[in-house]
C-alpha cells in the first residue's frame, strides 16, 4: 500500500472583504505554483485598521499538498 | 443558590460556504440530541481543497450544555 | 529615525450576524475613544446559543494603536 | 497483564464558595452517571462577578474514568 | 438587538491567605474604578516564599466589563 | 452536497509494549461502541515506571467519528 | 551591582484538603533541603478521585531559589 | 499586612538598534503616564525588514505597575 | 568562525506500520531533493482509522538542513 | 493520611532504534541515581539525521519520583 | 484594491556574538534568494555551549515576503 | 554505538546590561557545578524596572548537559 507524503507551506492571504475571501486568495495563489493542494489550516486571524474599520483581513495559513514518494 | 453544572462535547461542523455555516451545522446537529445548549468555542479553522478552492470548511467546536445537578 | 510605540487594548466584540461583524463592532467602539488604531488580532472565536442556533458571536480582540513617543 | 482504557469527559463545576467546592460539585454530578471515576485535571479557573465580588467560580475539568476493555 | 462590547483589563491580586482571597482583592480594587464588571479568568497562580511558606499568593487575572456601544 | 459532522471523544489507551499498541488498544475499545471511526490524534505520551522500566505506556487520544446529519 | 542567579526545581505537592495545602506541603518539603526559596508557580491543578470525591489534590510546582554566584 | 495590587498594560516598543533598546523605549514611554512601574515580560520578538536588514525591532511587552489598594 | 544557517521545511510522513516508519518515509523523500539534512522534530502524531484499526500513521515533521552562507 | 511529594527531573534519552528505546535508556539511567521512579511524560520527539535516515532519536522526558515527606 | 499575499519561510540564523547578529545573518542569507522580504518573527532563542560559554546563538525565525498575486 | 543521555536543569540568569549577559551569567554559574554543558534554551525574557528603566534582565534558561550512561 502506498504511503503518501505531504509538503506544508505557509502563506498569508489578505482581503478587504471577509476571512473566507482572504483564505480563498491565498489558495488561488498557491494553486498557481503548487500541485495537488489537499488541506489548509488557519493559523491566526488578524488585520490592519483604517479609520476605525478593518482595512485588510490578514489570514496566515498552513497548506498541505501531496508529493510523489 | 443553585450551582449549575455544564457538560462539554466536541463536534466538527463542515460547510462548503462559510465558517459561520459550519458552526451552525454543528449546533443544529448537537441540538437534536443534547438539551439546553449554552455556549460554543471554535477550536480550530481548517478545511480541504479541491481544484485550488476551499471544498469544505471544517470547524471543530467545544459546546457547553447545562445539566441538572 | 523615529521609533514608534504601540499600545494594546483588549475588547470583545459581539454580533448576531458574523465573525466579521463582531470584529467591526469592537473596532467601531474602540475608535470612539482611542486614536490612531493600527492593527487587531482575533484571540478567540466563541458565542452563546439560543434554541440550537448562534445567538451572539463573541470575538475577543487585541487592538494596537500608535501613541506619541 | 491487563491494559486499562480510560474515557475522558469534560464538565464545568460551579460554586459560590471556593475553587475546591466547584470541583467537588462537578465530581459529585459525574459520579451519578459515570462509574469508576479515577482522576481529574483543572482546565481553567474563571467566574462571573456581581457587585464587585465573585458570584460563581466556574471550573472546567477533564475527568478520567476506567472502562472495561 | 443590542450587541454588547466588553473591555478587558489585567490585574494581579495578592493575598497572604488563599487563591480565592487574592482574586477577591483584585476584583474589589477593579470595582472602585471600573463599572459593570462581568467576568474574570485566572491567568496564572504563583507567589513568593518566606521561611519555607507561602508569603503572598499572586494571581494575575483578566477581567471583563461591559461598556456602552 | 452533504456536510458531514464529526463527533470527538477522548480515551487513554495503555500498553506494556509500545506507543502504537496503546493506540491500537484504545481504538479497538472505541470501535465496540462507536460507529464509523475516522481519525485520531495523540494528545500526549506518558507512562508509569516499575523497577526503572516502562510499566504501561499511557497514550491519551482524541478520536473523531462521522455522525449522521 | 550583584547579579543573582536562581535555580528552579519542580515538585508535586499533594493534599486531601485544598490546593493551598498541597502547595504548602511541597514548599515545606523543599525547604528541608534547598536554601533561600524565593518564589513558586503552579504548573497544573489535578487530583485523583475516590468514591466520587477528591481523594488527593496534586499540584505540580516550579520553585525558584537564589544561589550564590 | 498590606496586599498589593498590580495593573498590567501592554505596549510594543520599537528600535532600529537592539531588542534591549526597543524594551527601553517602551518603558520610557510607559513611565511618562504610569506610576510605580515594577516589572515587564517580553511577549514576542519580531521586526520589519528593509533591503535584507532589520529595519525596526518590534518587541511587545506586558508591564506591571503597583496600584494603591 | 563560520556561522551556519539552517533552512526548515515541513513534511507529513505516513506509514501503515509505525510512527518511526512514517518519520523514515518523510526523511527518505526529503533526502531526494534537499541536501545536508541535519535534524527533525515531530510536530504531531495522528492517523486515520479503518475498521477500528490504524490505517495510516500521519506524522508531520519539521526538518532542518544546513545551507551555504 | 500521608501526603506524598514527587520530585520531577528532566532527561533526554537517545537511541538509534525507536522512540520506546530512547525512553527506556533515559529511565535506565535515571534509575541508577534516583529512587522510586513513578511516572514519565514525553516532552518532545526529535532526532538528528545522517544520510537521509534517523541517526539518533532524541526524546526529552519529565520523570517523577516519590520522595519522603 | 490589491490584496497582497505573503509567503513564509523558516530559517535558523547563528552567531557567536549576539541574538541580533544571528537574526541579521539569517536575513542576509534569505535576501540572496528571496525577493521583497517584509517581516520576521523570532520563534525561539537557544544555543550551544563550549567551556561554559555561549558558543553559537541559534535563533529560528519565521520570515515573510510579499509575492505577486 | 553509544546512546548519550542529557540532563536538563533550569536557572534564571540576571544582568543589568543585556539579555546575552544574563545568559552568560547563568552559564558561568552552571559551569561551576555541572560538567559537560552542551546547549541552552531561553524560556522567557523578563525583568524588573527602576525609575522607568530596566533594572535587571531576568532570563530563565533550560540547560542540557551530557551525563555518562
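Some observations on this one:
All chains are identified by letter, namely A, B, C, D, E, F, G, H, I, J, K and L, in their written order; residue positions are counted from 1 within each chain.
Here is the rule we go by: contacts are C-beta pairs under 8 Å (C-beta built on N, C-alpha and C of every residue); 3 or more make two chains touch, one makes a residue touch a chain.
Being a predicted model, the structure only gives us computed values, none of them experimental.
Chains making contact with chain A as well as with chain K: I. Using the average of C-alpha coordinates as each chain's centre, E ends up farthest from chain I.
Farthest chain from chain C (centres taken as the mean of C-alpha atoms): J.
If you average the Cα atoms of chain B and of chain E, the two centres end up 30 Å apart.
Per-chain CA centroids place chain B at a distance of 22 Å from chain F. Counting partner chains per residue, chain D shows two or more touched chains at residues 18-19, 45.
Chains that are in contact with each other form these pairs: A-B, A-C, A-I, A-K, B-C, B-D, B-F, C-E, C-H, D-E, D-F, D-G, E-G, E-H, F-I, F-J, G-J, G-L, H-K, H-L, I-J, I-K, J-L, K-L.
Within the complex formed with chain L, the residues of chain J that make contact are 9-16, 22, 25-26, 29, 56, 60.
Residues of chain B that touch chain D in their complex: 1, 3-8, 62, 64, 67, 69. By the touch criterion stated above, chain E contacts chain D in their complex at residues 18-20, 23-24, 27-28, 30-31, 37-42, 45, 63.
Against chain A, in their complex, chain B makes its touches with residues 18-19, 44-49, 51-54, 57.
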